[in-house]
Amino acid sequence: MTAPAAGRAGRPVPALRLGTFRRLPGPAVLAGAVTAALVLLALGAGVFRPLDTYTVALDAALQPPSLQHPMGTDEVGRDVLARVLHGLRVSFGVSVLAALVALLVGGTLGVLAGALGGRVDAAVMRFLDVFASQNHLVFGIVLAVLFRPALGPVGAVLLSVGLTHWTSLARIVRGELIALRGQPFVSAAIGGGAGRWRLVRRHYLPHLLPALVLGFVLLFPHAIFHESALSFLGLGLPPHQASLGNILADGRRSLLAGAWWTSLFPGLVLLAASLAVGTLGEYWRDRHHPRWRSELEL
Amino acid sequence: MTGVSVLEVEGLTVRFRVPRGAVQALTDVTFSLGRGEILTVVGESGSGKTVLAHAITRLLPLNAEVTGRVRLDGEDVLALSEAAMQRLRARRLALIPQSPGAALNPVRRVGPLLLEIARVRGLPRDEARARLGGALRELGLAFDAVAGRYPHQLSGGMQQRVVNAAAMAAAPDVVIADEPTHGLDADLVETTARQLQAIAAHGAALLVITHDLRLARRLGGRTAVVYASYLVELRPAEGFFTGPAHPYGRALLRAMPEHGGVPIPGLSPELTALPRGCPFAPRCPDRAPVCEEAVPPPAPLPDGGMVRCAVHAGG
Amino acid sequence: MLEAEGLTKEYRTPQGQVRALVDVSLGLAPGERLGLVGRSGSGKSTLAQVLAMLLPPDRGRLAVDGRAVPGWRLRAPAELRRAVQLVWQSPRLATDPRLRLREIILEPLAAAGLLPRDRRARADLLARWTERVGLTGELLERYPHEVSDGQLQRACLARALILQPRYLICDEISSMLDVSTQAALLRIIAEEQEARPLGVLLISHDRTLVRHWCTRVVELADGRLAVPAGSGRAATPDNEDQEVNR
């Protein structure tokens, strides 16, 4: 017999139980705390630090950090902390959507390649190679410029992130599917009369779910960075929807005037957000899906 | 029983703590085994027989709770430190794993691998070579014929012999074989049986765990039947196969295709919820009211065996 | 009749071509119990999968009750595929770990669109099969890793029989199980045969089992079909050692 422990513990889907937290290493706990704090701050931005976008208070411009303005003020006298919190919210929102776009593109193409195989697989993989061989940022800028007139700034950002970040996920989904297709239980399902669509729905997708969830979590910090980079370059969101990238771009102008706080604080928050989420995702990956280590990289 | 027993198991009980409660894997198992003796433990998958092998070698997972005694030459195995236990496993207590193909490191040639195993078992280099050669020869294989090959280049039967030789070389006091005929063809089963007997003839106390009743009969020695964590019958093999004392033993023999292939009605009890009385009572044709009240104690049989049955105790 | 004619199947491996099946012709009659014995690696499992239309042969024809199987893999007509059901050696590998036993048993009917719409009819159907294969309602709500090998194999047998196949192929279904579970599985199949003319191909390396249970026995050796001699081809240590020198 199999020892009951091994047998019972062999749950296919690693369920996150309370007990697992006790064994988490320090960095993962820290990353979790930072992520939770940042999400809470972003969600509660309006409450913690109401933002008055339109008031220009030139007499309060470029004040260094103080009790009243912990992160100082910018060149038109706005509170940097308030801007950062609201920017964080915008960045998070856009990045979630962008990561979803990447997930959708990567998942769909991965399923097509893995489930159909043959020529479809070959075509998708060549297509994938073309995308994967491009420099993400340069390619993303080209895409953002191309789509901006047609889709508007937000749509262009989403597409730019989605089309540059789907490849690793598509590879994983395809690999998992090919491994699944060789399993006796899939043959058994085919023998029971299951068609292609039923195999995908009943057997493939439930097995792919962990990869998709993990893919999303690991894509998220990429999306934050990519969006910020585009906005910083003026190709992202419009100034009235300031994201961390726009704020950094604005802050850069004040640097020459000696105002380091307009750049440092938004930059630190951007770094913290992407590092925290990325660390969490990597930890989850290494613990439950070490095989994907080479594919899902930050 | 011949000679002094080298392995003594007394009241061995193993429970696994699991999220749903506790799995009772072994309950109050008692037996002893002398040098050169063979004891074959039979039972269905999930009855606890593999846990017995792992409890004696202390290879159980961390959620196991073990009570009772295991003595090797009078030494309390369960009380040893991990380091002492490791030495014991290396030199005096050999476990032959279930699938020899998976147990041999695939990227190492057989010769160096065997020599390393022998060194871990405390044999000096020259002696290791000689002893391995001797063990392999007894199993019908020449050391030089296999030494330069990788495990996957050997047939299943040869892999089995290599693993057996590794176990024999250090002349351990106790050898435990877990499902030694798993997935083997009939002719290889015969070969394996001969090898196991050779290991016992070599002077080791041999404990074989299997679900293959024919192997148990072929090996001879004594046969122990495990059902739902209990040792329900322990007999000389000949006595058991000609006249089992426990109703479960009788039902098992009748289930063999050559004896009619009659299935036992019902399912085995869950090890998480064993009944208060005899675990076999719900499926037993000879069930009496007393059976459902308490688990019967082991009762001696005229041939030196033991049976745990309230109805058939003593005959 | 489930008829196979001239089945040949080769695998390409790093060591070269391996001929798993060589010109195998075989007929399985309704209600018959045909035994197939052979050593491991003789091509038994390949034959099982070809007969169940899960693996296309390189050459050869297959017909179910006079209807030739035209295409292979997913393209074999569903009703032909349903007529021949395969039970696998390892119930662990042959079941989706993410489905409950209840779903595993009903899945083939659901895939065929044959599941009764009425809730009650569905429950009755499930209860009937649960009882027939000796499981309990409580076990049906569990996942494969929460039941024993024997219980899972019973569910696999229910999954195969629920489609009312005309032919059942059992590929070493009890080689990992104890004798009482083996006897129970064979009893379930025998009861099905008493009710209707189900043709059964019992594949096993256990000659004693096949000899006692089957009415006719054929042997597969190195991919070729033969009527078995009185005693099996026993490998002596000598010819086994030569195997290595190939």
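Structural remarks
Just so it is clear, A, B and C label the chains in written order, and each chain counts residues from 1 on its own.
As a working rule, a contact is a pair of C-beta atoms (placed from the backbone, for glycine too) under 8 Å apart; a residue touches a chain by one contact, two chains touch by 3 or more.
Given the structure is predicted, the values throughout are model-derived calculations rather than measurements.
The most central chain, judged by C-alpha centres against the centre of all protein C-alpha atoms, is C. The chain with its CA mean position farthest from that of chain C is A. A straight line joining the Cα centres of chain A and chain B is 53 Å long.
Averaged Cα coordinates give chain A a centre that lies 47 Å from the centre of chain C. Distance between chain B and chain C, defined via averaged C-alpha coordinates, is recorded as 31 Å. Residues of chain B found to touch two or more other chains are 45-46. Of all residues in chain A, those touching 2 or more other chains are 1, 8, listed in ascending order. Touching two or more other chains at once are residues 148 of chain C.
The touching residues of chain A, counted against chain C in their complex, run 1, 7-8, 10-13, 183-185, 187-196, 198, 202-203, 206-207.
Those residues of chain C lying in contact with chain A across their complex are 49, 52-54, 73-74, 78, 81-82, 85-86, 88, 90, 93-99, 107-108, 111-112, 143, 145-146, 148, 156, 159-160, 163.
If you check the complex, the residues on chain B that touch chain C are 43-46, 140-141, 145-146, 149, 153-158, 182-188, 190-191, 211, 213-214, 251-252, 255-258, 261-264, 266-268.
Those residues of chain C whose C-beta lies close enough to touch chain B in the complex are 39-40, 134-136, 148-151, 175-184, 186-187, 205-209, 211-213, 232-235, 237, 240-241, 243-244.
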